[in-house]
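The structure appears below as structure tokens.
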Amino acid sequence: MPKTEHWQWYAEEFAPTERHEHAVEELLAAGRSQFQQYAVLRTPVFGKMLVLDGDTQSSQGDERIYHESLVHPAMAAADALSEVLILGGGEGATLREALRHPGVARCTMVDIDGEVVELCKRHLPEWGAGAWDDPRARVIIGDALRFLREDHDRYDVIISDLTEPLPDSPSWPLFNGAVFRDIKARLSEGGVYVLQASTAAFHNMALHVKMARTLRNYFTYVRSYFAYVPAFDTAWAFLACSDAVDVQALSGERIARHVAELRGENFYYDEETHRRLFALPLYLRRALAEKGEVFS
Amino acid sequence: MPKTEHWQWYAEEFAPTERHEHAVEELLAAGRSQFQQYAVLRTPVFGKMLVLDGDTQSSQGDERIYHESLVHPAMAAADALSEVLILGGGEGATLREALRHPGVARCTMVDIDGEVVELCKRHLPEWGAGAWDDPRARVIIGDALRFLREDHDRYDVIISDLTEPLPDSPSWPLFNGAVFRDIKARLSEGGVYVLQASTAAFHNMALHVKMARTLRNYFTYVRSYFAYVPAFDTAWAFLACSDAVDVQALSGERIARHVAELRGENFYYDEETHRRLFALPLYLRRALAEKGEVFS
Amino acid sequence: MPKTEHWQWYAEEFAPTERHEHAVEELLAAGRSQFQQYAVLRTPVFGKMLVLDGDTQSSQGDERIYHESLVHPAMAAADALSEVLILGGGEGATLREALRHPGVARCTMVDIDGEVVELCKRHLPEWGAGAWDDPRARVIIGDALRFLREDHDRYDVIISDLTEPLPDSPSWPLFNGAVFRDIKARLSEGGVYVLQASTAAFHNMALHVKMARTLRNYFTYVRSYFAYVPAFDTAWAFLACSDAVDVQALSGERIARHVAELRGENFYYDEETHRRLFALPLYLRRALAEKGEVFS
Amino acid sequence: MPKTEHWQWYAEEFAPTERHEHAVEELLAAGRSQFQQYAVLRTPVFGKMLVLDGDTQSSQGDERIYHESLVHPAMAAADALSEVLILGGGEGATLREALRHPGVARCTMVDIDGEVVELCKRHLPEWGAGAWDDPRARVIIGDALRFLREDHDRYDVIISDLTEPLPDSPSWPLFNGAVFRDIKARLSEGGVYVLQASTAAFHNMALHVKMARTLRNYFTYVRSYFAYVPAFDTAWAFLACSDAVDVQALSGERIARHVAELRGENFYYDEETHRRLFALPLYLRRALAEKGEVFS
């Protein structure tokens, strides 16, 4: 039999009728933790990738698009930055982005899957880039829901980097009114809550729209935004929520100042990128304006 | 053998190590014209799709993202709209978008592949949506290069909807200084030339950057912009070129007026979408600012 | 996007975890008849292929392996050849093989799907190879079950070329005691009944074994045999049943005489191939000897 | 994104237009030795599989079909069994099969890739099944070509379990007249040389035919035989060569006695299976009878 140059493939399906296959150069790790199936692999186009339960979580090639978009709009907008809370975020890149700002006194990260956290420390050191050893980092392996209920601190920025609230996922119990009330109780006055919030392409925006609709019942300002992330093969959406600040309307000066204060250089985010992120296409604005179901 | 529900697949590769497979519900037509291999097929997620030489040209689900982005920024910006010229554009959707504006007195379209034009009229009537029968439409089956050389009219908007200038493609002879000079010669004072201009994701922006760099030698204003088009699986880029108008800086009023004058409703483009299209991510602006090769 | 040389694929799954993809050069026909989904396509390795409900039925490259194996052992063994009955067999190749013998006075074929029969006449003329026009051919478009019940003729050879008796298939009602009694009633003394009988590889022989076990309750001699058919990607099995003749034990002289009497040359079957077909591997003989479920 | 149950696939191509994809449950090992790329993976249908340079070498589900076919016809036929030599055979299953016969006094195995040998000992212990620790086993990590030249012993059975002699493969220098003369020099009178010898399906038998044609210039009896091995997705061929014995014509008594003397039970091979293996289909006998190229 003639030799096949690429014999190992990672297939992601965003529908049963759509398969995206990536040739795998090397599988660095694969297994099952207490909570999920995991793999770290390397592809020629995207570099190293983290896959959980068959879904791409991030790739070396473009993780900065996702993580800068998740972290910096909220941090640029919040009244203060001293205390940051991350729910999930096991790869360490959300922690890294938060700690790039010298104004952060403490960044608390609560992730339920210690085995995946260790996996990322070992195989994806570029994601954490030293953040794990920053004395301002407080990493708690535990249930974010319970932490929110039992903790009594206040946070200037709360970043939710959890998987999507699908009925059978571990994130399902983390997306309902009780939890939003807990989050509001932990948010400082002038604080911002931001979450990754599913996809926003024309054919897969229903869950995002439902998430946005739900959160509008809890926060004064709820802003959708999204970035095209090639490794996710789609437009990835976020929601920035606050009772005090409209993240969409942030001034260019404020964004520029925030970016200037960060240690190191950005790859994706700055004032102009902020305009792109929050300027939504007509079809998405129409969908967001429709009435419909909410999470209870 | 158990029955396979989806047995027919269309695979597109954007690299030898990346395959995107779409299950095909129905293959409506397939064959080879004098110039290229063609297929019209239907998939559950994207609806009907036109495929030329193995590349997705447009899908029923999101062709309006591509065609509204290609046509309307230039038309909103041009000093006049009376004469529009389309190079390529065989599907008929670019013609449709141009003719939606009542100010267009004549829209000339020059496409080399009459067989593909007939294919689209028959199988993709939603793309043309009546434009083929509009008395203002002048459809010429012929070589765009020769047309540019032999024609003596002037056009307010010139829209290039050709395939990419890869060395072995029929579009290769259409991307060089001689052609740009021909296009300038055909452009009215205050006119705008816009072209589809390859991809702008982090891993595939080199050709776009080279195209932009080249055109800056011929036009005063050369503006990159891009939209995420799901059926293309990537960020699709355009270049808006003019000696008179900076399309990026268009006022909201002007865009709103243009959109209001169009027959029917837009799906994608309006003032806010325009801001999104032209607000480029940091990594792309950096790449566009670098010196490098140009097309001769 | 770079051009993909092979963009159209036919995927057959023999398990949800096993996909065999064939690049399709041309899709000659595809649609849905009253009874099943059909396609005729061409691949570089196998030539034209007929696909019904997502399953390969036969390929130009190796259909003679399947059809010679189905038809000739039974015909070589039967006491007479004058009347042959084919149940199913829509491609026409089973009819062709039967009519290659000058001793056949009439070959009756009963297939339920007239649309697929016409499809094969048009797109797969190499399969029928003139048999459709042979005056000895009697082609009946109708229900084989009903034909067996209502017909009163006797046949020297009855060949069942139906799809597998899976619970949801049109062949399910054709595989039970009542039908076997009908078939016996139609079989001449000294006649042979042969059927295609699922697969015989180590991982997919259970259905074949159950079919064999069932038929042993109705016939004195029930012989399993199989051929590797590349287009089916597996070992394809048959059962030769008779109360008079042991097809497995056929003498070399008899086989040689039968083959010599055929019009034209064989590709696959002769005396030595007969030995191969009926010499079963140890694991299969062991499975056939086990007790277990039967079709009721 | 919805979860994909099977996200990891192993794709084997037997032509650029044919892909067979197996879902991978677990990748037990993957890497590159000094000589080749290797992987051990587990699939739902085939169990564990060894893959070298993207080609399936054997699977837990059916490796006994391959290894019993490779080893026992030659061993049943040889005049003596005391000294057996295996060229290649890194998985250890060829060694296991040889050592199942108590008449083997010493079995020498020469494989160039010690890293793959260790891999198989660790991850595929079912293949060796204790043979590695048998005191009669002499395992030499080294170049088979050099061993043949420098060794001075004689062997009753020589088994070549090397990869195919493709121009760019490490087996290429092992398939020429000089090597065959070396092998003959090492073969006892009454000895048999057997080799795995590429594929024998209608569309991929050319290499096998050329190998057979070549060996007929060196040995009195050169017999082709083949087994369908599902994990290889094709008919796998062998050549049994001897100046003294015609392996094809072996008596049933002799085969039965050999099998009875083996420790443990066979899965595939016995007298009837031997008849199957050596009874070749007409198309293959025709091809073997044609004149044509030989290896020099």
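Chains: A, B, C and D, in written order; residue numbering restarts at 1 for each.
Everything that follows uses one rule, which is that contacts are C-beta pairs under 8 Å (C-beta built on N, C-alpha and C of every residue); 3 or more make two chains touch, one makes a residue touch a chain.
Model, not experiment: these values are computed from the prediction.
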item	value
Co-neighbours of chain B and chain A - touch as defined	none
Chain hops separating chain C from chain B, counting only touching neighbours	1
Relative to chain B, chain with the most remote C-alpha centre	D
Gap in Å, rounded to a whole number, between the CA centres of chain D and chain B	56
For chain A paired with chain D, centre-to-centre distance based on mean C-alpha positions, whole Å	52
Rounded Å distance, chain C centre to chain D centre (Cα mean)	33
Contacts with 2+ other chains: residues of chain B	6, 9, 15, 21, 234
Touching pairs among all chains present in the structure	A-B, A-D, B-C, C-D
Complex contacts: residues of chain C adjacent to chain D	6, 9, 15-23, 43-46, 61-62, 65, 201-203, 227-228, 230, 233-235, 266-270, 272-273, 275-276, 279-283, 285
Residue numbers on chain B that touch chain C, as the complex places them	1-15, 21, 24, 26-27, 30, 39, 51, 53-56, 164, 166, 199, 232, 234
